[in-house]
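Below, each structure is written out as structure tokens.
In what follows, chain A forms one complex with chain B and a second complex with chain C.
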Partner chain A sequence: MHIVVESVIALSSNQKKKLADLFEKKYGSREFKEKIEPTLLGGIRVTVGSTQYDSSLFGSLTQMRNA
Partner chain B sequence: MSTSSFFDQLKERIQAIKPISTVKSVGHITAFGDGIAFVDGLDEVMSGELVLINHSAFALALNLNKASVGLVLLDPSTKIKAGDMVETTGRLLSIGVSDEIIGRVVNPLGEVLDGKSQISVSKYQSLEKIAPGVITRKSVTVPLQTGIKAIDAMIPIGRGQRELIIGDRGTGKSSIALGTILNQKSENVICVYVAIGQKRAFLAQTHALLEKAGAMNYTVIVSASASDPASMQFLAPYSGVSIAEYFLEQGKDVLVIYDDLSKHAVAYREISLLLHRPSGREAYPGDVFYLHSRLLERACRLNEDFGGGSITALPIIETQAGDVSAYIPTNVISITDGQIYLEADLFNAGTKPAINVGLSVSRVGSAAQLKAMKQVAGKMRLDLAQYRELAAFAQFSSDLDPKTKASLDRGARVAAILNQVWDAPLSVEEQVVVIFGATNGYVDAVKVELASLWEKSFLEYMRLQKQSILDSIKKEQKITDETEKALRLALQSFNDLHHEWTI
Partner chain C sequence: MEIKLAQILFQMINFGVVFGAITFLVYKPILKVLDERARKAEEVDRSAVEAEQAKQEIESLKQKALREAEQQGAKIMEKAKDEAKSAKQKLMEEAKLEAKADQEKAKKALDSEKKAILESMRSEFSSTVFMVAEKLVGKSLDSKSHSTLIDEGIQELASSMK
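So, the complex of A and B:
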């Protein structure tokens, strides 16, 4: 399972641990790639394989723009 | 509105939106070109789903392969490169419709092409839809008057029917379709004209013509012209019928004209070949029949429980060198409820509309014809059939027995009466009186070449002096004995006025 976590600033070790626990429970793997993505403006975006979970500010603004 | 309250309202509206975390499938473009893109990822994409490339360009997911997804771009001008991110939107392709769309020219996605304001949307109609089921339908009984004598008399079309207009290029197919639109002025029918792969100049001409005739008050034009991408040409007919369904759901009668489905099949072939789908006969993909059948099945007449509306479809197919047994023509002939054959030979010989009455058929037939028309049309069909049989002997006219000669003379005049200019539709009562005159011998004494002049003057005479007869036929919807007597008197007195036309 290829997991990528995008955030605006580097994740703290506590956040990284929580994410790793979650991924192990759901997908059975603690490995994930971190990526710094300034365009997100805030929040995180997690891509698991080809499914993307978007909780970023950029995503929220896009929803508002299209509403 | 003061600035502070404006900002307050804006703040309220922004706060009212509760953005949620979204879940979508993503992928990246691996190959791209010719309006097609291949993408990896996109595991949860639906067939026919709208996807977004780079947060800006829309595309349709048409090929769902094991390791890749084939997309068709809807906008060719967007700058896309390999590696761009693609995400699903969760939406199937749909077009925004409202009552405002009447009188407008739009592209298959609902964007306006006539330079006027945007159309406000009251409902989104899905482009792909399952046709109404058997229980919801009712049989076709109400006529759709085309205003063309040859069609309304012998190949009558009903509301809810699919009638194919088929012929070579330049035989008058689009003219019949446009003439039908012009005749719907007082018929309470909304018209949708779908132009697929047409020249833009022709579309501009058509639009101007319909505007001038006042037809745009009840017509919508959907256009994907020749320079538009194949994806747009592929979607245009589905947009047309989706717009028609919006009005069908309101219980209205709609006429949809697809001009033409041959170019539609070619556009679909282009997309399929680029998507590496296996090709069959004439390089068309295997589902080219389904392409047209699912489109034409959406033309229907609904029963009262479902609104009582109807969609009549007039697809147009262009044949090459009169070959109606080619792949696409035979496909569409087997789908429609009849066809109108236009022949180049007839056109060149001066028969306009160049309809081959012998080969044309309407499978709904007289079930969708006014009683008045039924009364006169049967005799006309007989006269013409006899004329066609004897036509080969016409060159020996001086050596023939009187009965044969009489058949030939009568047939020639009835055939001449059927000639009609495409932009001068006739109401059904006017058609009835003219055909009555021709089939009951009132034109026999007139020279053949003056038959059209006879018809024109006779109609003027009826409109000016005998409007009551026309009104009575319109009201009763049949020729009563009284009306027949008055009509015969009118024909006789008209003929008495014009002895200069007799042989």
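So, the complex of A and C:
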């Protein structure tokens, strides 16, 4: 299972641990790739295979624009 | 003076003969002619009366035909007027309906245009707000804020993964 976590700044160790616990519970794997993406403006975006979970500011602004 | 009986008798017979001759040869033919004339005159009078009656009858028929023609003419005129009035009304109603339909069409087109303009404005406004927000957020967040946002994102992720 290929998991990518994008954020504006690097994740803290606590944040990494929380994410790893989450992925292990859901997908049975603690491993994921970190990526710095300034265009997100804030928050995180997680891509699991073909599914994306967007909790970024950019995603929220885009939703507001399209609403 | 001597009265000569023979002469008187002769005169009387003579008179009788002449009278008879005149009666048969003159009086009766003259009477006949006069009767004939009177009869002819009567016939002429009768013909005149009949002609006068015929003339009056013709005149009466003429007047009757004239009246009927006038009445027919008046009826035709009335009918033509009614038809013209009806046609005019129909045309006016059709024109009104057409005008109303045109109005509706124009209103719909206007509404549609308005909607399109509002949509375009909204889209432009949204894009502008988005661009401004993008720039503002990019400049105003510090590390602590980013970290908080990441924590919130993780919480949201946890909720959506349940």
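In the analysis below, the second predicted complex is superposed on the first by the 67 of 67 C-alpha atoms of A that agree within 3 Å, B and C clash if a C-alpha of one lies under 4 Å from a C-alpha of the other, contacts with A are read in each partner's own complex, and residues count from 1 in each chain.
In the analysis below, a contact is a pair of C-beta atoms (placed from the backbone, for glycine too) under 8 Å apart; a residue touches a chain by one contact, two chains touch by 3 or more.
Predicted model, so just to flag it, every value in this text is computed and none were measured.
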Of chain C and chain B, partner touching more chain A residues: C
Partner chain in contact with A:Thr62 - chain B first, chain C second, else both or neither: both
First, second, both or neither for A:Gly49, with chain B first and chain C second: first
First (chain B), second (chain C), both or neither touched by A:Lys26: second
On chain A, the residue positions that both chain B and chain C contact, one per complex: 53, 55, 61-62, 64
For the chain A and chain C complex, residues of the former touching the latter: 7-9, 11-12, 15, 18-19, 22, 25-26, 38, 41-44, 46, 53, 55-58, 61-62, 64-66
Chain A - residues contacting chain B, complex: 47, 49-55, 59-64, 67
Residues of chain C that touch chain A when the two form their complex: 126-127, 129-130, 133-134, 137-138, 141, 143, 145-147, 149-154, 156-158, 160-161
Residue ranges of chain B in contact with chain A within the complex: 14, 17, 19-27, 41-44, 55, 87
